[in-house]
Amino acid sequence: MNKVVETSEAALSDVFDGAVILCGGFGCVGGMPSTLFRALAKRPVKNLTLVGNAPVLGIEAQRTAARTLKVPEWYADGSILLKNGQVRKLIVSVPAMAIYRMQEPFPIVKALQEGQDIEIEMVAQGTLAERIRAAKAGIPAFYTRTGSGTFIERGKEVRIFDNQPCLLEHAIKADFAFIWAYKADRYGNLIYRGTSRTFNATMAGAATITIAEVEEVVEVGGLDPESIVTPGIYVDRVVKRSHPI
Amino acid sequence: MKMRLDEQTIAMRVAKEFQDGMVVNLGGGIPSLACNFVAEGREVLFHTENGALGYGPTASTEEADWNLFNASFQPITPLPGMSFFSHDESFAMIRGGHIDISVLGALEVSEKGDLANWAIGNMADYNGNVVSWIKTGRFPPGIGGAMDLAVGAKRVIVAMIHTTKENKPKIVKECKYELTARRCVSLIVTDLSVIEVTPDGLLLKEIAPGFTPDEIQAVTEPPLIIARDLKEIEL
Amino acid sequence: MNKVVETSEAALSDVFDGAVILCGGFGCVGGMPSTLFRALAKRPVKNLTLVGNAPVLGIEAQRTAARTLKVPEWYADGSILLKNGQVRKLIVSVPAMAIYRMQEPFPIVKALQEGQDIEIEMVAQGTLAERIRAAKAGIPAFYTRTGSGTFIERGKEVRIFDNQPCLLEHAIKADFAFIWAYKADRYGNLIYRGTSRTFNATMAGAATITIAEVEEVVEVGGLDPESIVTPGIYVDRVVKRSHPI
Amino acid sequence: MKMRLDEQTIAMRVAKEFQDGMVVNLGGGIPSLACNFVAEGREVLFHTENGALGYGPTASTEEADWNLFNASFQPITPLPGMSFFSHDESFAMIRGGHIDISVLGALEVSEKGDLANWAIGNMADYNGNVVSWIKTGRFPPGIGGAMDLAVGAKRVIVAMIHTTKENKPKIVKECKYELTARRCVSLIVTDLSVIEVTPDGLLLKEIAPGFTPDEIQAVTEPPLIIARDLKEIEL
C-alpha cells in the first residue's frame, strides 16, 4: 500500500469535466492546497463546482489581509480556475469580502462582470462544515437552527425541534477533496499544523477521492498513533508540496 | 466634556464582560481587539472558527506565522493550554452552545435583538439573486461564521459604532439589511452607550462621558428605557 | 480557571434524581470511569437514565471476556447502580451478551427478574454515537440508513434519500457525562490512550456537565496543542482516579 | 475424503478476499480470526468499532493491555501506522462507506442477502417488548455495531458454520430472527461452501473437499445455482 504519488499532475489526472471539488483551507495562506490548484489550472477540465469556505479570494486579498507579512509567490487558490473559466458553480460561505478595498475587484466579481455564467450557493460556515462532515459520515441530511429566519431558509424545509425552527440541510456529495496537511505517511495518515488544520481535516474522506498536498512524507510508524488527526482510511493520494510554507 | 469611546475603548468595555474560565469568540473589526484587554487575574479562552481555542494577543509582524491565524485573517500568538481542531469540531463548539460569549460587529441591531451583520443591503434589491448582487461588486456579501455564532453562543454581544458614517441609527426598529439571526443579541456596546436587549425593549444602562440620554435617543430609532442606575461607561 | 476537583464525591455532588447520565467507555475495562460509578453508587439518587454502549455488563462479564487477563479489583461499571435500584432507564446498544456463559445472569437480567421496573431503549452502536455527537454539536436530529427495515424502525419517521430509506434519529440530551481520560490539565484539556478513547471522546461535551476521571493531571502547557483530543471547552470537572489502570 | 473446514480455515478462506490496501472490519467469533491470515505481501488495515485502525494479530496474555482491545473484547497488538479515534469518528468511517470489507458472523442469511446476526429470536415472541425478552435471560439481544456495518461497508462477507447445531439451515428463504439489515450480504463463507449472493439467487462457487452440490443443497433452504466453474474451496 502506497498512497504517495510522485507529482501533483499524476495525483489529479482523473479530475473530469463537471467534477465537484472540496477545496481545503480556510481562505488564507495557511492550509491552502496551492500546488493542487496550480496543477488543475493546467488541465483542460471545465464546469467545475468548487466547495469551500472562501476558495476564490485570490492572492490580492491575501496581500491586503497580510499587510506587512509576505505572501509566498507560489500561493494560489481556486481563483486561478475561475480566471481560466473552468468554474460553473461555487458552494461557499465567503465568495468575496466587502471589507477589503483592493486595487482590482475580487476574482468572482471580475469573472461575473466578464460575462461568465457562474451559479453561487451561499452557505453559513458552520452548516458548510457540517454538510461536508455529513457526507464523510454517511448522514444524508440533518437539521440545524443556523440560518432560520434568514434568506438561507428559502426553499428549505423548516421543522420545529425544542420550540426552535430548524432547517433541513443535506450532505454535500463531492468527487474530489483537495486538502493540505503538514505530514503524511504512505498509508495516508495525516497531521496538520496550527490553524491550518481547519477545513482540511473536515474534508478528508468527504469526497470520493481525497488528495492531500503535504509538506513532508514520513515513514510508516513516524506519526504518533494517538496524534494522527486524519487516519489514512480517509485519504486516497498524497503528494509532496514543492514549496514549503 | 463629551467623549465618544474609540474602538480600543469599546473593546475594553466589552472585555469587562469576560469572566474567569469563559470561552469567548471574537468577530472581525472592533470585537477582535477585545483579546488584548482581559482583566488581570482572569483566564479567558479565545475561540476562533478556523480551529483554535486559547490563543493569545494579536501577533506582531515578526511573530506572525501562516499556520497561526484567526478567522479575521489576523496573525495570533500561542498560549499554554491552547488546542487546535478541525472546522467541523469548531462549529460543533459554536452550534452546540459551548461558547459563553460571542462578540460580533453589526450593521444593524433591532429592538428585539435581531442582528444584521454580513450583508450591506438586501437580496430584494437584487430580485433575491445573490449572483446579481455579487456581479455589481458593491459590498459583495459573505456569511462566514456569524449565523452559527448568533444562534449558538450562550450570549451575543454586539460591539460597534453607534451610527453609520452618515450619522444614521444602526439600532433600529426593524433591520433592513439581510439578517444574521433573529432575537439573538443580549448586549450592545457602542462608542456612545451600553444597551441591554430586554423583553420590554432596549435598556440604556451606561452612557459615554458628557452625553445625555436624549442625545443617545436622538441617534437610536427605537425608544430607549433609561436604567434607574444609569451611569457613565465604566472601564 | 481550575476544573480539577479534589474528590469524585465532590465532582458529582449535584447529580439529581432522574438525571440522564452518559456513561463513557465501551463496555470493557479500558476507559471505564469506575471511580465515578463507585462514588455515585454511594449517593441516594435514583430514577437515573444510563446511556452508553454497554454500561451495565458488570465485572463478571469482564472476567469471562478477559480469560487469563486479570480484571482489577476496583473495576466497576453502571451495574453497581443497577444493583442498588438506582436506575429507571437504559439507552444502550448492548444490555447483556448472549455469547457468554456466566455463573450468574447478567446484571440487567437479574434486576428485571428481581422485579425492578426498568425501561430499555436499544440503539445501534453507530446511531448511539451519532446521537450523542449530535447533542454536543447542536444538531437536533439527523437521518441515517442504519436500522432501516429492522425493529429499530418502529415508531420512527422513514424518509428516502438517494433511493434509500433512512430513519430520523434525535440527539440524546443528557445532564451528566461520566468519562475516563488518560491525562488532563486544569483547563480540562484531555488526551486518551489506545482504544480506551472510544465513547469517552464522543461524550465529552455532549451533556450539560461533563466529568472526567483521569489517570494524571499535568500542568497547563504539558499537553501538545496538536494532540489534545478533547479541548477543555467540553469538560467541566476533572478528578484524578485513585487507582491507576 | 469429506472435510468440513474448521473455524480457522473458514477465517483463512475469508482472508483471501482481503486485497492490499483494504480496510477490513472483523466481527466477533470466526470473523475475528481472519486478522491472523493476511496473505504475504499484502498490507490490510483492520478497523475496530471502538476506535482503532491498523492493529495487528491478537495479543497473547503477556502482551495484553486494557487500552488495546477490539470490539469483540479481545486484546490486540499495535502495528506501525496504526491510529486511534473516537467512537463517533469510528462510525463515520463505517456509515460513510469507508470500510472495504465487513466480515460478520450470522445466525441466518436469506437468499436476498438479508442478515440476522444480533438476536437469537424475534421480538414478536415477546409481544415486541425487548424488556420482556431480556427478563427471560434467554439469549438477551445486543445490537453492537452490526447494523451500521451491514449498511455502511462496501462489501459484507458472512463467515459462519453452514448449519445450526441441530443441523438446520442457516441460509434460509426468509430470516425468522430479528434482522440486522436487508439485502446487505455479498458473500457467504461457511465450513461447507462459498456462496455469492446475486440478483438471480445464491450462487454456489466453492465447495468443501469431498462434498457434492446436492449435499450442500440439502442443508441450504433456498435453491442454489451451481457455478459453471464450481471448485473445491481454495486456501
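So that you can tell them apart, the chains are marked A, B, C and D in the order they are listed, and the count of residues begins at 1 in each.
Heads up, the rule we're going with is that a residue touches a chain if its C-beta (ideal position, glycine included) is under 8 Å from a C-beta of that chain, and two chains touch if they have at least 3 such contacts.
Being a predicted model, the structure only gives us computed values, none of them experimental.
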{"item": "Distance in touch steps, counted as few as possible, from chain A out to chain C", "value": "1"}
{"item": "A-D against C-D, pair bridged by the larger set of C-beta contacts", "value": "C-D"}
{"item": "Chain B and chain C, separation of their C-alpha mean positions in angstrom", "value": "37"}
{"item": "Inter-centroid spacing, chain D versus chain C (mean Cα positions, whole Å)", "value": "27"}
{"item": "Between chain B and chain D, centroid-to-centroid distance (C-alpha), Å", "value": "55"}
{"item": "Junction residues of chain A - those touching two or more other chains", "value": "130, 133, 137-139, 144-145, 192-194, 226, 229"}
{"item": "Residues of chain B engaged with two or more neighbouring chains", "value": "84-85, 91, 94-95, 152"}
{"item": "Interface residues, chain C side, partner chain D - complex", "value": "26-31, 53-54, 65-69, 93-99, 105-106, 108-109, 112-113, 118-120, 122-127, 129-130, 132-133, 144-152, 154, 192-202, 229, 245"}
{"item": "Contact footprint of chain A on chain D as seen in their complex", "value": "20-21, 23, 43, 45, 47, 53-54, 78, 80-85, 88, 91-99, 152"}
{"item": "Contact set on chain A toward chain C in their complex", "value": "130, 134, 137-145, 161-162, 164, 166, 170, 191-194, 224, 226-227, 229"}
{"item": "Touching residues (chain side chain D, partner chain C) in the complex", "value": "28-29, 48-52, 61, 64-71, 73, 75-76, 84-88, 90-91, 94-95, 119-120, 123, 128, 130-131, 134-135, 137, 139-148, 151-152, 178-182"}
{"item": "Residues of chain A defined as touching chain D within the complex", "value": "1, 133, 135-139, 185, 187, 189, 205, 219-221, 223, 225-226, 228, 231-234"}
